[in-house]
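First the structure, which I've put down as structure tokens, then a few questions once you've had a look.
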Amino acid sequence: MKRFAIMGSGGDAPGMNAAVKKFVDLALMRGIRPFLIQDGLEGLIDGRIREANHADVAGILHRGGCVIGSSRSKRFYDKRWRTVAYEQLQARGIEGLVVLGGDGSFRAMERFHEEFGVSFVGIPTTIDNDIYGTEYCLGVDTALNTVREALDRIYDTASTFGRAFVVEVMGRECGYLAAISALGSGAEICLIPEVDFDYDVAEARLRAQIAAGRRYVLAVVAEGTKQTGSLARWLEKTFSLETRVTVLGHVQRGGAPSSRDRLAGFEFAVYALTRLEEGEAAHVCVYRDGGYDFLPIKEVVSNRYTLDLTHLSMLNFLD
Amino acid sequence: MKRFAIMGSGGDAPGMNAAVKKFVDLALMRGIRPFLIQDGLEGLIDGRIREANHADVAGILHRGGCVIGSSRSKRFYDKRWRTVAYEQLQARGIEGLVVLGGDGSFRAMERFHEEFGVSFVGIPTTIDNDIYGTEYCLGVDTALNTVREALDRIYDTASTFGRAFVVEVMGRECGYLAAISALGSGAEICLIPEVDFDYDVAEARLRAQIAAGRRYVLAVVAEGTKQTGSLARWLEKTFSLETRVTVLGHVQRGGAPSSRDRLAGFEFAVYALTRLEEGEAAHVCVYRDGGYDFLPIKEVVSNRYTLDLTHLSMLNFLD
Amino acid sequence: MKRFAIMGSGGDAPGMNAAVKKFVDLALMRGIRPFLIQDGLEGLIDGRIREANHADVAGILHRGGCVIGSSRSKRFYDKRWRTVAYEQLQARGIEGLVVLGGDGSFRAMERFHEEFGVSFVGIPTTIDNDIYGTEYCLGVDTALNTVREALDRIYDTASTFGRAFVVEVMGRECGYLAAISALGSGAEICLIPEVDFDYDVAEARLRAQIAAGRRYVLAVVAEGTKQTGSLARWLEKTFSLETRVTVLGHVQRGGAPSSRDRLAGFEFAVYALTRLEEGEAAHVCVYRDGGYDFLPIKEVVSNRYTLDLTHLSMLNFLD
Amino acid sequence: MKRFAIMGSGGDAPGMNAAVKKFVDLALMRGIRPFLIQDGLEGLIDGRIREANHADVAGILHRGGCVIGSSRSKRFYDKRWRTVAYEQLQARGIEGLVVLGGDGSFRAMERFHEEFGVSFVGIPTTIDNDIYGTEYCLGVDTALNTVREALDRIYDTASTFGRAFVVEVMGRECGYLAAISALGSGAEICLIPEVDFDYDVAEARLRAQIAAGRRYVLAVVAEGTKQTGSLARWLEKTFSLETRVTVLGHVQRGGAPSSRDRLAGFEFAVYALTRLEEGEAAHVCVYRDGGYDFLPIKEVVSNRYTLDLTHLSMLNFLD
């Protein structure tokens, strides 16, 4: 019987539990022995690996976070520890890995595959939605809805009296979360790393709106722009609006996974496991054009995700 | 300047407000005069139609329901009233309609188009997700999450002590909502109109699970099967489990639209409006293979949506 | 060192986990050995009792349900099994019990105390809020908010088009949950076991409202009235309103406990444990006049909770 | 017929709409003419005052914010503008006011009453819960639950991998919101303005917990301590824990009012209106010992709210 393992790596995201559960349940159904690696690459190095059965993954679908943990591993940059990691897999006869993670984790796995020939399939998992080749990363939908709920709550009080609100959301290099959130909540301003914000144009536009009766301003800022504070001061100074800042932080990573992230977690896991069964793999499972596919890891990590500005523009966004 | 109108028709669904807002805002940006028809075909007949500006659709994105109302119209089956409806449009110079609705509404519009040449584009809107040619209908994602939250709550109490829970969800002819909800919540049983439920197979499977320690059973039933009561009695009798029934009803249609339904509402509206601008239309805007497209109304209403059982089976559903 | 145990009994309710956690943490702090009885009286009889430490109750505050389970026990009606239960406590040196439950459970404990002298303090726990002597039962606030969210969702769709909605909520003999929910959601009709619903008066009132523009009717019905179906038919027949029924069922018992139920769970547990420390007890911890107190079990089980109709009337409810 | 008006003043809070609705509905039932003052004292000065009927307050119960707006008024500090405000009331024959607000607003009203003899009853409304003489201020329960949901979400990701989380909540001078939130979510650290945080004691306690297996730290900080940043740096430096900050900001003021805040809004409004009917008033309606009462405005504004540290201590909080 084949033996495959699953692990989280890097930041966690809602929906990981659905993938873990489906990986285990489906493997057992197909006569594969499934293993869980606790706490990502750190746990792999330390051999915190256990064979799983149905009971290990019962009742986890509706939980946020990732029941098998995750980590960022500095040790794994060192070949010595990668060798240890490989030996841990060897000792248990594990031939392939499913890795829930992002760019950094995939790069680490690529090297691991080159050095030791370990098969793996990556499942793109990050609320930043910034992985090349896939239109969707596991966890994004839940995060979008968490941000949406926060913005809806702010809207309640915004419409009560005149103020400006600046809400910082996650996204170090990618403005996807910020842009879609701003769109869906009707924010007046959105700052993302991909687009230079034109303060003059924005001032003219807002002045016209305020003259026409606008009483409040809602701004969504991607953390990667590092402009949360300066935008707040600008709003206060330029429009004499009392301005309040919200920094959502890790609230965005938690919460019971949305319906879509549970389904996506299942589907990613089915495809990833099936791909491992088919033979040597060093791939990422991607979602595009409404379906699932695989890209060689090299292609994924050597390209950069770019936000579809045409799509946003079609929606009159940032105009 | 061209004049187009938008209206809801049939059952309401979350996300309609996003479509209405985008229709108005985009029309104004493109130099089109947008009109709102209140309360669907009934309002069209009675001439409850008003030209809209940005202020009319401000602050509606986060609201459930449909701010312009909707209706089912018996009068519209009568040619006399359709003639009145046509005259209402004529009197205002309205050349095209965007209709948020389902099969029944589209059929009505098809006849209206044949008789009077009124252009229209339908936006598939129903939480049943049962319209031919589109993978997604506006409102489904919000409904899925509402059902999910209810099932998550039941799960809390299910795991506290031994019981069976039967939850009836919407879906007269289509089991999509029930099937995806059951999947995402790990329900043990799911009854949908498309599949004959094999009580003997289910009994054997559950008996094995109960013998192995299972203490509760969660069942999701599509209302269209009309088996909610009989399934509850069967569970009670067969397994001696105290069985409780939940009928979610219209709770499933409400709630602030999810992030996805807001975005889908925007996108459907952009495509629909653009299609109207391009000339005579009697089409439905559909979402498939990850993008938007148009199908002739005839094709949509003369075919029947079929649930993708292969996909469900791939997820080991109903096995 | 003293040894006390805690258990759930009867229906579960949100907030029980907070009480369990505080019971254990505080006992350890005070030099008491805390025990957890699994699955209520059934677990007590079967000796599923384990000593607890901080780790056993970590991370449970935000979970719905009750981590130590609960049950209704038929065996406990039989003196033979009560003797077994007593011996289980004796064997472990457990001198007192905290029991999270309702009337039925308290009655069972009263007899248990009379026969074997086992000290106990009851914490009133039921979303029905129908226990004599206390203004608040653990779990009610979470249930009220769950019902509220469902009614808010229905309101969204109700205002979209003309219909009647009948929502059945829990409450076999007590209309508290139904009445407060109806009040807080502005329902037009509320049926509770304590008040005879006057169909004629209601008809006149609704006819006047419909004449003045009302388009929908929202009705909340306590399950104990058994009038859910007949009210729906009456609405349909009398006002020709398409009428939809929702039966919330066990959805009302689940969900992450509200802030208030967590605090109440803590407070009840602190008072209950403290009371056990003070010596022989056969009491229920009650909340009234803004504070906590104790009533002899005899007083609690021999009186019946009555809904404060004066209070409801002051709020123009049911007028 | 008597004429009374209602207005919001200062920061908004969930539940204000319930009070506004009950004020109007009850006044009409009692033969009083109810008026709504838009945007607080600013609207009073400018005469944005309109008589209200049932339709004006229909469908507002489930909305966050305050439909009649609110404001902070600098002009009202000037006797000239207070005179204008008085004349606005005189011109409409309005004899009494219900004011939903906090300390600052009550102080302004006290002077207004002294100068012009205008009767008023204040309803304590602030999510800070920091008004003297009342145990409960309208809006607190909803805010507590909003904070709780954010902390529950962070808990999901906290338990996935080792980190520290610092969450800043509202409360300039009062730690109520922070303290109850920290308690209800099992936070390890809580900083409030009323208590000096002992870093050495906390360090020793956390070191012991980390040695015993603790992997993450959750800290709740009241904004009034101004220690959010310094605490985050301390956690990072002292325990080498990657530390993430969340600043909830105005998210805490929004959201559909909880069941409790709707009921409290109703009750406060009933008592306030009734008090106005009884004759000259310069009072605040307070909730204590489980019931409602009135305190002279002088007593309320000349005393300072103090957090009940004994109660918190009883819950082993901050020990």
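Should a chain be cited, it is by its letter among A, B, C and D, assigned in written order, with residues numbered from 1 in that chain.
Here is the rule we use: a contact is a pair of C-beta atoms (placed from the backbone, for glycine too) under 8 Å apart; a residue touches a chain by one contact, two chains touch by 3 or more.
Everything numeric in this text was worked out from a predicted model, so none of it was measured.
S.K.: Hopping along touching chains only, can you work out the least number of steps from chain B to chain D?
M.R.: 2
S.K.: What chains touch chain A and also chain D?
M.R.: A chain counts here if it touches both chain A and chain D, and no chain qualifies.
S.K.: Looking at C-alpha means, what's the farthest chain from chain B?
M.R.: Chain centre farthest from chain B's centre: D.
S.K.: Roughly how far is chain B from chain C, centre to centre by C-alpha average, rounded to an integer in Å?
M.R.: About 36 Å, centre to centre.
S.K.: How far is the middle of chain A from the middle of chain C, if each middle is the mean of its Cα atoms, in Å?
M.R.: Chain centres of chain A and chain C, defined by C-alpha means, are spaced 40 Å apart.
S.K.: Take the average of all CA coordinates in chain C, do the same for chain D, and state the distance between these two points in whole angstrom.
M.R.: Distance between chain centres, rounded to whole Å: 28 Å.
S.K.: Identify all positions of chain A at which a residue touches two or more other chains, and write them in rising order.
M.R.: If we look for residues of chain A contacting two or more partner chains, we find 152, 155, 159.
S.K.: Would you mind giving me the full set of chain pairs in touch?
M.R.: So, checking each combination of chains, I get A-B, A-D, B-C, C-D as the touching pairs.
S.K.: Per the contact definition, I'd like the list of chain C residues that touch chain D in the complex.
M.R.: Interface residues on the chain C side: 18, 21-22, 25-26, 29, 55, 58-59, 61-62, 135, 141, 144-145, 147-149, 152, 155, 159, 180-181, 183-186, 213, 256, 258-260, 262-263, 266-267, 270, 288-291, 314-316.
S.K.: Given the complex with chain D, which residues does chain A contribute to the contact?
M.R.: Touching chain D: residues 8, 12, 14, 39-40, 63-66, 69-71, 146, 150, 152-163, 165, 167, 244-255 of chain A.
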